[in-house]
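Below is one structure; the comments refer to it alone.
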Amino acid sequence: MRSTNPYIPMPVEIVKITDEVDTHDIKSFRFKFLNAQDEARFQYLPGQFAELSIYGKGESPIGIASSPTEPGYVAFTVQRAGAIVPGLVTAALHDMEEGGRIGLRGPLGHPWPIEFLEKKNIVVVGGGFAFTTLRSLVTYMLHENNRSRFGDITVIYGARTPGLLCYKDELAAWEKRSDIKTIITVDKGNETWKGREGFVPAVCKDVAPSPANAVAVICGPPVMIKFTLPVFFELGFSKENILTSLEMRMKCGIGKCGRCNVGYKYVCSDGPVFSLAELEELPRDF
Amino acid sequence: MLKKTAIHQLSDLTSALMGKGTLVAPVREDAGFNFREISDAKQVDLNFHNTIISPKSVFFPQTEDFIRYRTGRPLQEAETVEPEGKPLILFGVRPCDVKSFEIMDIHFSCTGAVDPYWQARREAATLIGYAFDVAAPAEPEEFYQTLGIGAADPEGSDIFMVRRGDDLILKSITGKGEALLAGIEGLAGASADDGKFFDDTVAAGRNFKTRFTCVDAKAITKKLEDLFHNTDFWEKASNACLSCGVCTFACPTCYCFDICDETLFGRGTRRRVWDACMFTDFTLEASGHNPRTKVYQRLRQKIGHKYSYHVRKYGVISCVGCGRCTRHCPVGIDIFSIVEEAMKA
Amino acid sequence: MSFEPKILGIACNWCTYTGADLAGTTRLQYPQNLRVVRVMCSSRINPSFIFRAFQLGADGVLVGGCHPGDCHYNTGNLYARRRLAVTKKILEFAGLEPGRFRVEWISASEGNKFAEVVTEFTGQIKALGPQTKFKIS
Amino acid sequence: MAVSFQQIEEKLKTEARRLLESGQVSLVLAWGRGFDEKHPMPYVAKGASDVDGIVFNEFCTHNLARYLVRYPRGTKMAVAVKAADSRAVVQLIQEDKVKRHDLVILGIPVYGIKNPKTGEIIDGKTTCGLYNPVLYDILIAEEVHGQPVSSPYAVLAEYEAMDQDARFAFWKKELDRCIRCYACRKACPMCYCDPCFIDQNKPKWGEKSPETPGNLMYHLTRFHHLAGRCIDCGECSRACPVDIPLYLFHKKVAKECEEMFGQAAGMSIEDKPVLVNFRMEDSDKILE
Amino acid sequence: MSRIGVFVCHCGLNIAKTVRVSELAEFAATLPDVVVAKDYKFMCSTPGQEMIANDIREHRLDRVIVTACSPLMHEQTFRKVLAASGLNQYLLTIVNIREQVSWVTHNIDEGTSKAKALLNGAVNRSRLLMPLTSRVIDVNPDVMVVGAGIAGIQASLELANTGRKVYLVEKNSTIGGHMAQFDKTFPTLDCSACILTPKMDSVLQHKNIQLLTSCEVSEVKGFVGNFDITIRQKARYVDHDKCNACLACTEKCPGKSVSEWDEGLAKRKAIYIPFPQAVPQKPVIDREACTFFKKGKCRLCEKVCEQKAIDFEQQDTFSTVKVGAVIVATGYDLMDTRDLIQYGYGKYPGVYNALEVERLFNSAGPTGGKVILRDGKEPQAIAILHCIGSRDKNSYEHCSRVCCMYSLKFAHLFKEKTSADVYHFYIDIRAAGKGYEEFYNRIIEEDVKFIRGKGARVAKSADEPDRLMVEAEDTITGKFIRLPVDMVVLSPAMIPRSNAKDIARLFNLSTDKQGFFMERHPKLAPLSTMSEGVFIAGVCQSPKDIPDTVAQANGAAAEALTIVVKDKMELEATTVMVNPASCCACQNCVRVCPYGAPFFKEDKGVSEINEALCKGCGLCASVCPTGAIIARHFTNDQVLAEMEGLMEF
C-alpha cells in the first residue's frame, strides 16, 4: 500500500553490499525498491539524504551516495556508529546481508544546488567517509548527459590511511579520466601506497584551485572542514561559492520534530547543504 | 448565533456535544485541570483558570503511534496507524490556547511537509473557546496581552463562550461553529443584553493588563540574535535552570518530538513522543558530538527558538503568554522576564 | 487448566547454578516453572533486572547466590544482599506481594536445597496466582 | 520563636560579600528575586556586585546543593543550605562529587519555610523535619529549637497501613500521571547522573512514552538509585508539575534503609553510602 | 541480523526421554535469525562436533547455540569447535536442558515447554553477544618477598632454588625476624639459631637473591605479572659495598641506645650490628643515638674506618624493581602490654613479656643465658600468665595459638636454669600439633604448677615489698588465689605489625578484624589474596608456629612460581569496561570492587578499568547507575534480552 504519510518508510531490499575500508566499519549498501511506485516517487539529486529505517531499532539519516544517473538502485555508505555503544540502526544494518529488507524514508533535504553549479568550475573536497554525497555529485556531473553542463572538475579526497579510502575502484577510474582532475591523499601512507601523503587542507593549498568562476564543495570531518575553509577563503573563493553539508542530530527529516533546529533553519529541511555565507548567518549552535 | 445556558445545566450542553463527536474538555484531576476525552458529561468542569498541560495534546498527543510491526517478520506486515479524522469538539479553550493552534498550524500543516496526524485532527475539530474572567486580574504568570492576545478574544474559535453570572453565553464565530450551535437543542436564546455583555467582555479582554508592556517581535528577534554570543547573559539567565522538560511539555506551542521504537516480545511500535530541547541528549549525535551540552546553551535555544528563530522562519512569536512554563517551573524561571532582560542588555 | 506460573531465576555461576546442576545429577524432581539466567555473581544483578522481570510477566523471581562469606568474589553477595533487600522493599512498597521475590543462598553442594526451594517457591507463587500488577499488558 | 527571614538575608549578604571579596570562593549559591515575592529563585553571586541580588524569605524552598555538581571540580564555592540541604551536601561529599575543602557551607537554621504552591509549612511531612543544618562552616542564624518535631517517617503510617493491593492502586494512580518531564530528577541534588539510565537506548530500560510501564521502570529504578542516598528534602515532589508525592516513596525507602543498615543518608561525611557498602554482620533478615 | 545455528542434543535418552528434542529443534527454526536448527543423539561426540563445524561453514553461522547439558560440563568443548571453525568462542551459548530440565522432571510436556523457554532466551541473548578476545600479557619472571623472617627467608630460598630472581626486602638492618631472637624451639627444644642462621647465610650467599635490608616498599604499581615496586633504601650512613665488617667502628663508638634485638634488656652502640650473627654483618648508624648527628661532632667511627665506608651524607634512595609476583611475610608484633595496667608491665621490673624472656634464656642474650631479674637476683617463684590480650573481648578476640606452647617451653627452661617454682595461670592449654601434647605431658611431669584461671592482676606484694603478687581465680576450686612471686611472664597477644595497614594499602590487601591480612579464601586459597599475584605467608596472615609458617612459606613460593613460571599470561576475557560517554563519575565502581580494578581518572572525570585486575564478577556493572560499565558477556542488554526470551513463552 502506498502512503503519503511522510513518517512511513518504503520497503527496500539490499541488493549489494560493499565493504569499503580495511577496518570493515564502513560499508556501502545498494537498495532496490520493492514497490515500483515508491521508486518512481524517490526522485533525488546529489546531496540529499534519506532515513534508513529498521523496525525495532529506529531510523538513521544517511546521505545518498548514489547518483540519480545510476538507475535501478539507490546507495548509501554507512559507518557503524559509536565505538563503544554501537548505534542501533547502523550496527543492525552492518549485520545484514544481501537480500535483507529495511525501510527507507526520503529523499530528504536540499541537494547540492545543481543549477548554481552549472557552467562553473567545481572543486570537490572530501575527507574520510563523509565523501558519500560528494561521490554522488561527482558521478552525477561525470555522466555523459551532464558533463558538458559543468566546467573543470577537480576532486581532492583524503583519508587517514590508504585502507580508509572509500570507493577505491571509482577513484582509480576517475584518475584515468581526462575530464576530471583527481587528487587522492592520505594522512599516512604504507608500503604499497604510491600516492600523495598529507592532510587535505595542506593539499588544497598545494593544488591551489583557481577561484575564477569556481565553487568549492566541501564535506568531511569537522576538523578537516575547520582547516579547509580558510584555505579556500584565502585562495579567493567567496563565501557564496563555498558549499558544505551540515551534520546535526535529526529524527523526522522533514522539519517537524525540531531537533536539528539551528537558528531559523532546520538542518534537515532547509539544509543540509549550506554555503559558507548562509552558515555565517546562523548562530554557532551546531 | 448567540445562545446561552445556565451553568448548572452545563452537563446538558456537554452531553449534547458528545452526540456530535468526541468531546474533549477540562476535567478536574488530582493535580489540577486537564483536557481529557469526556466519557461522562458531568465530568466537564469550567471552574478552572487554565489547565496544567495545554490542549495541544489533543491534536498532538504526547505519544502517537505511527507503525505497528513484529520484529523478525517481513516488513510488509507492518501496519501503518493512519491519522484520525473523527469529529472532535474541543470545549472550553482559553483564548491564548486558541491562538496557539494557529501558531502550531503554521509549523505542522502550512509550511513544508504536512504532518498528517496534526492536520487530520485539526480539520476534524470544532473549537469552543472560553473567555477568561475579565473581572478578575490575570494570574501573575500570564502575559498573553503582551503578545497581543486578549483575555476574551473570540478569533480562532468556532464558538466562543463568555460567562455571565450563572449563565454561559455562546456565540458562533465561524460557519462551522454556527452549524454546531444550531444543532444543539435545549439552549436558550440570548438576549440583546447578553450580546452586549459578550461584546463588552471581548473589549474588556483587549484592555486587560498582564505583567509586561507590549514589545515588538522584530526588535526581540534582532536583539536575541545579537545576544547569541553573550555567554555571560545566558549563563546568568540559566543559573537556576534545572534543564527539565516541564516548560516545554506544558507549553502550547512547543512541538519538538522524538521518534522511537518500542518493542516487547517481538511486537513493536514506531511512535513519536514529545521531546524537549531542554534535555541533555536532545542534540546528542551518534558520533558523540553534542552542540548543546551546557544548560545555558539549551535555555538559549529555547528562548531563541520561541522569540527569534520562529519569528524569522514563520513570522510569529512562538508563545501565547499562557504562563504555564513559569507556573510550573520548579525554580520559578520566568521566560518573559528573560526576554525583558535581554532587551535591556 | 491450572495456573502454571512463570518464574525467573537468576543464579550465580559458582554456587547456585552449580547447585542446580547437582540437583539434576542427583535426579531430584522439582516443578518446571523456573527459568534460570546464569550470571557470574549474584552481585551482577542490577535491581532493574528484577523490576523488568516483573514487567515481562514473571509471576515470581528467585535469586540464588553463594552463602555470605563464601562468595567466589569474596564480598559480592554481601553487596548483593543489601541491594536486593532494598529491591524487595521497593517492590513491596509499590504493591507487589512479598512472596513473589526471594533471595536464597544455595551452595554448589546444596542440590537438595535448590530443589526444595524451587518446589516450595513454585507452590507459593501458585497460591498467589498470576502476577498482573507490573506485567505489561 | 520567630525566625527573622530579613536577618538571615542580611547575614547571608554579609557573609557572601566577605567570601567573594576575600577571594575565598568564586561563587556563592543562594536565592535571588523571582518574578514575584512567592517565587524566589536559586541565585548565583559571582562577585560582590551580585550580592545585593540575594534574598531570603519563607518561600526559599530550593535545595541549592543541587547546583554544586554543575561547576567544575575544584571550584571554590559557598552554598547556603537549610537543614535538609546540608544533608545533601554531606551526601555529595561522601560520594566525592564535591570536596569538603572546596566548600564554604552557610548553614541556615530555619523553621517556617513554605511550599509556594500550597502555602503549607515544610516540616517533617514532606521533608526530613530537621530545622538545623547538620554540617556548616558559618551559621547564619541561631539554631532553632522548640519547633514541632515529629519523625519524618510518621507521615508514612497511613501508607504503611495499606495492604498490597491498595498500595499498588495508590502508586499506579499517582505514577500514571507522570508526564516524564524529569523535573524530579533534575531538582534532586543526588540525581547527578549524566546520562540518566532512562535516557539510554542500549539497553532501553524503560520506554520513553509516559505510559505505565516506562513510568514504573523510571520511578522504581530511581527510588533504588536514591536508596540510602535520599536526604528527604522533598524537592522532587515540589518540582513535580502533576503533584506526584514522590517524597512518600523516598521516605519509605529511607526508613527501611535506616532500619536495615543503621545509617541515615547525609548525616556524616565519614559514612559510606549504604548500598556500596556492607557489613559482615548484615543479617539475612533484611531479605525477608 | 545474526545467523544463528541451534543444535539440540538428545544425550542418548538422558534428554530425549523428557524433552521432545525434534520438536525443540523445529521450534528453534521458527525463531527469528535462526538459520539452521538440528537435533542429534550426542552433540559432544566427534560426529556431533563435526556437524556443528560443518554447519558453521555451510550456513555461515555467526552464533551457535548448543542445547544440551550444563555449560559447566561441555562449554569448553564446544568453544573449541567454534574456535576451530573460525568463530569467536564467546559467540557460543549453551542451553542447559539436561541438569536443569530433563533430569529434574518426568513430565515430557513440562520438560519440552521449559526447554523452549530457555532456548528462546538463549536466542535473544545470542544475537547480542560480542566476540571477545583475552589479552595476553608478558610476565616478569622475578619475585619480591617482603619481610625476611623465617617465612620470607624460606620462601626466598625455595624460589631462588628454582632459578627465579628474588628481591628480599627487610625493613631492619638484619634478616632473621623474631625467630632469630629465640633460644629454643618447642617441642623439640632444638636451638633456634642453629636451624635459622644457616638459612640466613644461604640467603646472603644465594646468587639469585638480592637482599635489600633497611629497605621498605614505598609504592606498588601495576598488577599480576607486572608489578612495579618502588623500594626506599633507608640511609645506613655506612657504605656496605666498602665495609669489610671489621667492626672497629662499633668498638670506638661513644653513642649508646637500647638494643631492640634484646628487647631493651641491653644496650648497643649508635653504630652497630644488632647481633653477632646478623646478616648482613655490616653495621648501620642509628641517627637518633649518634653523637655526631646529635651534637655535630664526633666522627670517631669515620676515623677508625680504614675502608672509608662511613658516609654521614648518605640519604634515603629510591629504586624501582619489576616483579611478576609478591609474597608478603611481614610477621607480627607483640601486643604492648603496658596498656593492660592491671598486669603492671612497665611498672614493676619483675614483669616480663615473652620476647624478653626469650632473650634471657639466650646465651647470646643480655644475661648470657642466665635467668636473672633486672635487679640481678635469681627468681624463686615465677608466674607465667597466658592469654594476655588474646582471647579477650576487651583487647583481641583471637587466640594467639603459640603462647601455650612457648609458655610450656619457658617453664621447662626455667626449671632447667633455675630452682624456681613455676606457675602457669591459664584458661586452657592448647597443644594441638605434632608432639605438642606429649611436650605438655612432659612439662606436667616436671613439677610445674598449673592453675586454671586467667591471671587477673599483678601487684606489689603488701608483705614483701620486693616481690610481686599474682591474683587469679582458680576456676577448678573456685577459690581466689593470691600468689607471691619474683617474676611474672606475660604471654601477650600476637598482633599485626604496626605498619600492617600501610602494607595492606600498598598491596591492596584486605585485613580482618584484628588487622591480619585476609586470604582470598579461608580454606581453598589460604595463601592467595584479593590482589592477584600477591601471596601471604606466616604470622602476618594469623598467629602460627614455625612449622606452619615454613609450610606456608613453601606454599606461597609454589603459588608465586605458578605465575612467574610462564612468560605469558592470559587475562580474563569477560572483564568489564567503561563507556566514558556514560560515566557519571559517581565512583561507585571504585568503592565496591574487591580487586581494585576500577580507578578514577581525575583529569578525565571518568572511571577506567585495569583489566588485569578484573575478575569479571560484574558487581561494578550493577552498582553503576548509568550503565556506563559494560560487563562483557553479561551486558545489561544481553541479560535483559535473555529474560525477555525466557518470559515470552
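We call the chains A, B, C, D and E, going by the order they appear; numbering starts again at 1 in every chain.
In this text, a contact is a pair of C-beta atoms (placed from the backbone, for glycine too) under 8 Å apart; a residue touches a chain by one contact, two chains touch by 3 or more.
All values reported here derive from a predicted model rather than from experimental measurement.
A.B. asks: Hey, which chain is the most central one here, using CA centres?
C.D. replies: D
A.B. asks: Using the stated contact rule, I'd like to know whether A-B or D-E comes out ahead in C-beta pair count.
C.D. replies: Of the two interfaces, A-B and D-E, more C-beta pairs touch across A-B.
A.B. asks: Let me check something: if the centre of a chain is the mean of its CA atoms, which chain is farthest from chain E?
C.D. replies: B
A.B. asks: Between chain C and chain D, what distance separates the C-alpha centroids? Give it in angstrom.
C.D. replies: Spacing between the chain centres: roughly 34 Å.
A.B. asks: Approximately how many whole Å separate the CA-defined centres of chain B and chain E?
C.D. replies: The answer is 69 Å.
A.B. asks: Between chain B and chain C, what is the gap in Å from one C-alpha centre to the other?
C.D. replies: Chain centres of chain B and chain C, defined by C-alpha means, are spaced 48 Å apart.
A.B. asks: Would you kindly tell me how far, in whole Å, the mean C-alpha position of chain C lies from that of chain A?
C.D. replies: 52
A.B. asks: What are the residue numbers in chain E that touch two or more other chains?
C.D. replies: Counting only residues that touch two or more other chains, chain E contributes 581-582, 592, 623, 636, 640, 644.
A.B. asks: Give the residues of chain B that touch two or more other chains, as numbers and ranges in rising order.
C.D. replies: 71, 258, 260, 264, 288
A.B. asks: At which residue positions does chain C touch at least two other chains?
C.D. replies: Answer for chain C, listing residues that touch two or more other chains: 47, 52, 56, 75, 79, 83, 136.
A.B. asks: In their complex, what parts of chain A are in touch with chain B?
C.D. replies: 1, 3-8, 11, 34, 53, 55-60, 81-82, 87, 90, 101-103, 222, 247-249, 251-252, 254-259, 261, 263-265, 269, 283-286
A.B. asks: Given the complex with chain A, which residues does chain B contribute to the contact?
C.D. replies: Touch residues, chain B against chain A: 66-67, 69, 71, 74-76, 78, 80, 82-83, 107-108, 111-116, 225, 228-229, 255-261, 263, 268, 270, 272, 275, 277, 282-289, 291-292, 297, 300-301, 304-305, 308-310, 312-313.
A.B. asks: Give the list of chain D residues in touch with chain E in this complex.
C.D. replies: 73, 95-97, 192-197, 200, 202-203, 205, 225, 272-273, 275-277
A.B. asks: Enumerate the contact residues on chain C facing chain E in the complex.
C.D. replies: Within the complex, chain C contacts chain E at residues 6, 8, 17-18, 20-25, 27-33, 35-41, 43-47, 49, 52-53, 56-58, 72-76, 79-80, 83, 115.
A.B. asks: Okay, in this complex, where on chain A does chain E touch?
C.D. replies: Interface residues on chain A, with respect to chain E: 84-85, 92, 95-97, 100.
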